[in-house]
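Shared between the two complexes below is chain A, which has chain B as its partner in the first and chain C in the second.
This part shows the complex of A and B:
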């Protein structure tokens, strides 16, 4: 198994499975734009199990408060220490919601402090170029949630690399549709997902 | 009429004069006598410096030196000079161990010194530098390699009282590592492992047709800039040709997975890549972690050296290609070891990759302006200088040629003349 497998992290608290269409959509974009060998379906791995160490990139999302168990926290710490890449997206797209507060606390506790990523970070040039930093989502522009456009993503930096990427832009909603429906979009809004995967695979 | 006493004294005086003349004749004979073809001058190690001086002043036809330890480098050179001046020099020294040491700066950003030691089998070798012991190796199987992260001055290897020494004579100019492949977990974690051990890494990872993710400034292998190239996937024909040229010019390359089957790398590859072997278990053991990795079997060329075998199948091998070195690995998913291995896996994976690169790296050496009096292989140098040892001389054949010193003869003649003079003066003769 030398191909890239999109892995979604299953944690005990909250609603880890709130964006079930995201994996298929991201996989479709990777296959569509790159020559990366990608598995046609994603997998779900329990954050408390050793299985997470078979998947160097994990996607974690939800709406509800996140409280890692001791095993989950220890696994996340070890996962990041060994070079894994954890992509956490707040499905609420708000800045003071329950997921944001609890998830950032857990990230800080298990992986380290989050810092704001500059909008000229390598992440935004890893495949497609995003000159203004992270692309905005329709939910931000529609004024849902906290009625803010979040200008930056955040990350935990280890050895000069982003080890944990944290977004409260609600990409989970933005990318949560069937890939066949991309044909109805003027601009594919999953392009940034390709950047995230390429960054994880190359940095 | 002379008394009876005076007659006796006169006779003694005549005898003393005659003895003086005889002694003078002996001295003349000794200095003028031809060399004795059958006579062998001998010396032991302790008396070698004195014997060398004597043999230089009066070169004998043949000498034999019995040694219980290797002579000092200067004495060995002196013996060689005497031999070249025409004296037949033979030696024996069955107790001298075949001990040798060689040291070199490690081609690693972490620095350090690699020490290679050769010693008799089962010997216990102590290694020390100018300050303190570094390591000791018990039951050496002929040769051993020791890595010294820090060392100072001359490094010695000792077996009992016998010692060989060597000094690092150069330092290495740092070079970068170029990683070629495509975007993959293996690429990511190989780059991470190398960077975490101090290597500066350039990378060129293909990600879509005609599109690469790059890192660093130089993406074409060049001995002026790169210590080694790591090829993770079959490169393009032009890049493969550049890697082959780089290796022939002295560069080092590591080919992994199926990259060795690329046509452009066929000339430098260590062997053909065969079928994939799945691991019997995916549980990583700390002492044999790579047992849990699958690999592609290698069929190495006849001039290759096998580095690692699993169940009789070759997993890693290496060979020299002109001035360069190539290592080829059947492993193409070592990232699993780093991510899913035991507690030591992270460091072990880093060190393994760093040492692999070090082992093939282009050595851009900068000589140190340092004069040394090293003797890295005393016995080998002795054989080189004097030829192989001969059998020890038997009791009948040993012995030195009788040759009283001129000073002794002069003192003896002076005593005789003084006695003769005293005798004459006591009896009142002029």
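This part shows the complex of A and C:
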């Protein structure tokens, strides 16, 4: 069995590389809490390339509008159809912002309609147990972005599993620090990332 | 009235009778043909194509019968023939009538006229003969009409005006009460209103292809009691109308099986849902993204849109992103909205006035063309082109914005000059045997002066880099002194001039100071040029050439060094997985148990295909149903595979050989041979 490689999706429009430290932080958490054989560094894959099909999970974020090219859209459709898991996080944390509007539109066009995930969804029990649903982020609580604490994540459901996970909670900012600094946190805020990865690999 | 006039009148009546009788016979033949076809259709289900030619054939037959009767009565056009016809029916005339028509003598003629005058055949013979002429055709018409009237309702309509969906109009003959009411059925497909398409009817469909959201109206013969239909988890109950049952449903969003049930009978129909594709929009101009130095000007936008069912409107959408880092603001809007009223194609042209967008340095404008079809659903029917991005450069980025032509780099200028000097020196060396010593020395010194000027230029470059000031070697004495220094001595002097000690600025490779690392090639060139100029000044161009070559090579190395980017990508964080595993933190959130992951597969299950193939031997209908279900599954992911399965199903239904179609379907569905390189990546089968 090959090791899990955390892949960040690179798309033509927008700032796809806005959260460069998130992959390392998630990889660190996967190594800390699970026995998953994980690669020590993440990779960047162009959403328009066939390389995305080598990865079971893709992480996509940014602040700016997301406009998929034809090849990117076709690849996302195929990726989801083949059982891939796409995690899209609004780094702009802005419910009415350009990233949210454009990313949700592109997801709808390429993968299907987004629905609210109930807070007792299997995603929140995939590894750690989050009884109240998705953990809130400091960016929600301190009033940045849209001044909202989002109760739910959204997802595109395919064959009973989440194929696309969409978050307005700005986990990209929340997890965007060097993993060595994790020791300064009373509670590790990247645990939900473990759930996301484990869910993607096991469902 | 003379005898001739009376015969002419009789002839006219006879001709009218012949024509009328021919027409009645023709009508009888036509009606009888339709009635016979209806009767035949009642006994044997005639195909719609054959029923379609019944009426034209009936008309042809009627015309033929009319013509035949007219041909038979053609002799009535002749007066003698008419006279003979009268003589035949009135023997007492004893050919007086025929003779009177042939007689030219006036006296004899008056005698014959008087003889004919005594006989009034118009009131005796003619009515009886005419009435007898019409009785047979009228009886034939009556019989044919009676047959049509007696035929069951709908039979004549199937023959007279055959149409798709009239299968249920054909009444069964001696249909047992326990027979399935699911055959025959007719389907009327009503596309969504926004498409503007007309409704269509189908007989006995195995597959119904229709747009998602179309209304499907199924109709069959018999009562509606106990007839149900199932699509997915939704159940539909038939309603009755007269002697027929009816079902109405909406085409689902995905290909699905429609299962009809009547007591112990069932019937499977494939609902091949065709989604209304969004309009296709392409942006033709501008062809690529661009960066503007200043937020002014006009950008022409041109694009094309098309939709199979018609476009409703098009517009240009823009989003302006302002800000950087974690702080962004957005503005969006719509320009050039146009209505197309259902046109299949449209060309979109507009111009974006950059000034009107009030852009600032660093702002990014995302432009795309959007088209909407006439689908009223809120989240459907919109297509968009690729996005073109126009960015306004920040002041700090001007060096990366190729707006104005830049002069050639300094090192390039030096290298070209050094090459020219080498060429001049080489030419002088070739001419040396033919030149006097004075001429040689004069020309050699001229080249040497140019070499010295070039050396000073290189020196300026070196010192301007080190001190930020040009013209650091002005003094002739200092120049002389530097010319005799080695590269290291010159470097030390340069470092002293910049008040930096070697190795204290940056930690460079191989222990060199940055001054040495960056300037060593130019310093070598500087020294080689000095040696070359010295040799040229004493009239020894041959000895100068090696130094000149060395100078050129050093300049080349300096040019290469200029292309090294000192800035690079930030170092990627490499997680020490083992260290992380040994220091994993545990707090209040306990891990939950993990469940094994299902092994997803995109391939068609081979065993299901094989099972369906086996069923063909014993239960053909079951095999058809299995293949239809398999076809529904592959409709959206393998259209060619679905088509191949359709061929197999059609071959089974029509009793043809299925082996070739079956092999083709298996080859398509199994895909090309694949090699397995071992275990799959994490939890996924690709």
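Please note the rule applied: the second predicted complex is superposed on the first by the 202 of 203 C-alpha atoms of A that agree within 3 Å, B and C clash if a C-alpha of one lies under 4 Å from a C-alpha of the other, contacts with A are read in each partner's own complex, and residues count from 1 in each chain.
One rule holds in what follows: a contact is a pair of C-beta atoms (placed from the backbone, for glycine too) under 8 Å apart; a residue touches a chain by one contact, two chains touch by 3 or more.
These numbers were taken from a predicted model, which means no experiment stands behind them.
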*Does chain A have more residues touched by chain B or by chain C?*
C
*Which holds for A:70: it touches chain B only (first), chain C only (second), both, or neither?*
second
*Does chain B (first) or chain C (second) touch A:203, or do both, or does neither?*
both
*Between chain B (first) and chain C (second), which, if any, makes contact with A:36: first, second, both or neither?*
both
_Just checking: does A:50 make contact with chain B only, chain C only, both, or neither of them? Give me first, second, both or neither._
first
*Check whether A:191 is in contact with chain B, with chain C, with both or with neither, and answer first, second, both or neither.*
second
*Quick one: classify A:151 as touching chain B (first), chain C (second), both or neither.*
neither
*Contacts of A:83 with chain B and chain C, given as first, second, both or neither*: both
*Both chain B and chain C contact which residues of chain A?*
2, 4, 33, 36-37, 53-54, 56, 81-84, 126-127, 159, 198, 201-203
*In the complex, chain C residues that touch chain A*: 278, 319, 321, 326, 328, 330, 332, 364, 366, 368, 379, 384, 386-387, 389, 570, 572-578, 580-581, 583-585, 587-592, 594-598, 600, 602, 637, 679-686
*chain B - residues contacting chain A, complex*: 182-189, 192, 195-196, 203, 205-209, 211, 213, 215, 332-333, 335-336, 338-340, 345-346
*asked:* Looking at the complex, which residues from chain A come into contact with chain C?
replied: 1-4, 13, 20-21, 23-24, 27-28, 31-33, 36-38, 40-41, 53-56, 63-65, 67, 69-70, 81-84, 92, 97-98, 101-102, 108-109, 113, 125-130, 159, 173, 178-179, 182, 187-188, 191, 198, 201-203
_Considering only the defined contacts, which chain A positions touch chain B in the complex?_
2, 4, 33-37, 50, 53-54, 56, 79, 81-84, 126-127, 159, 161, 198, 200-203
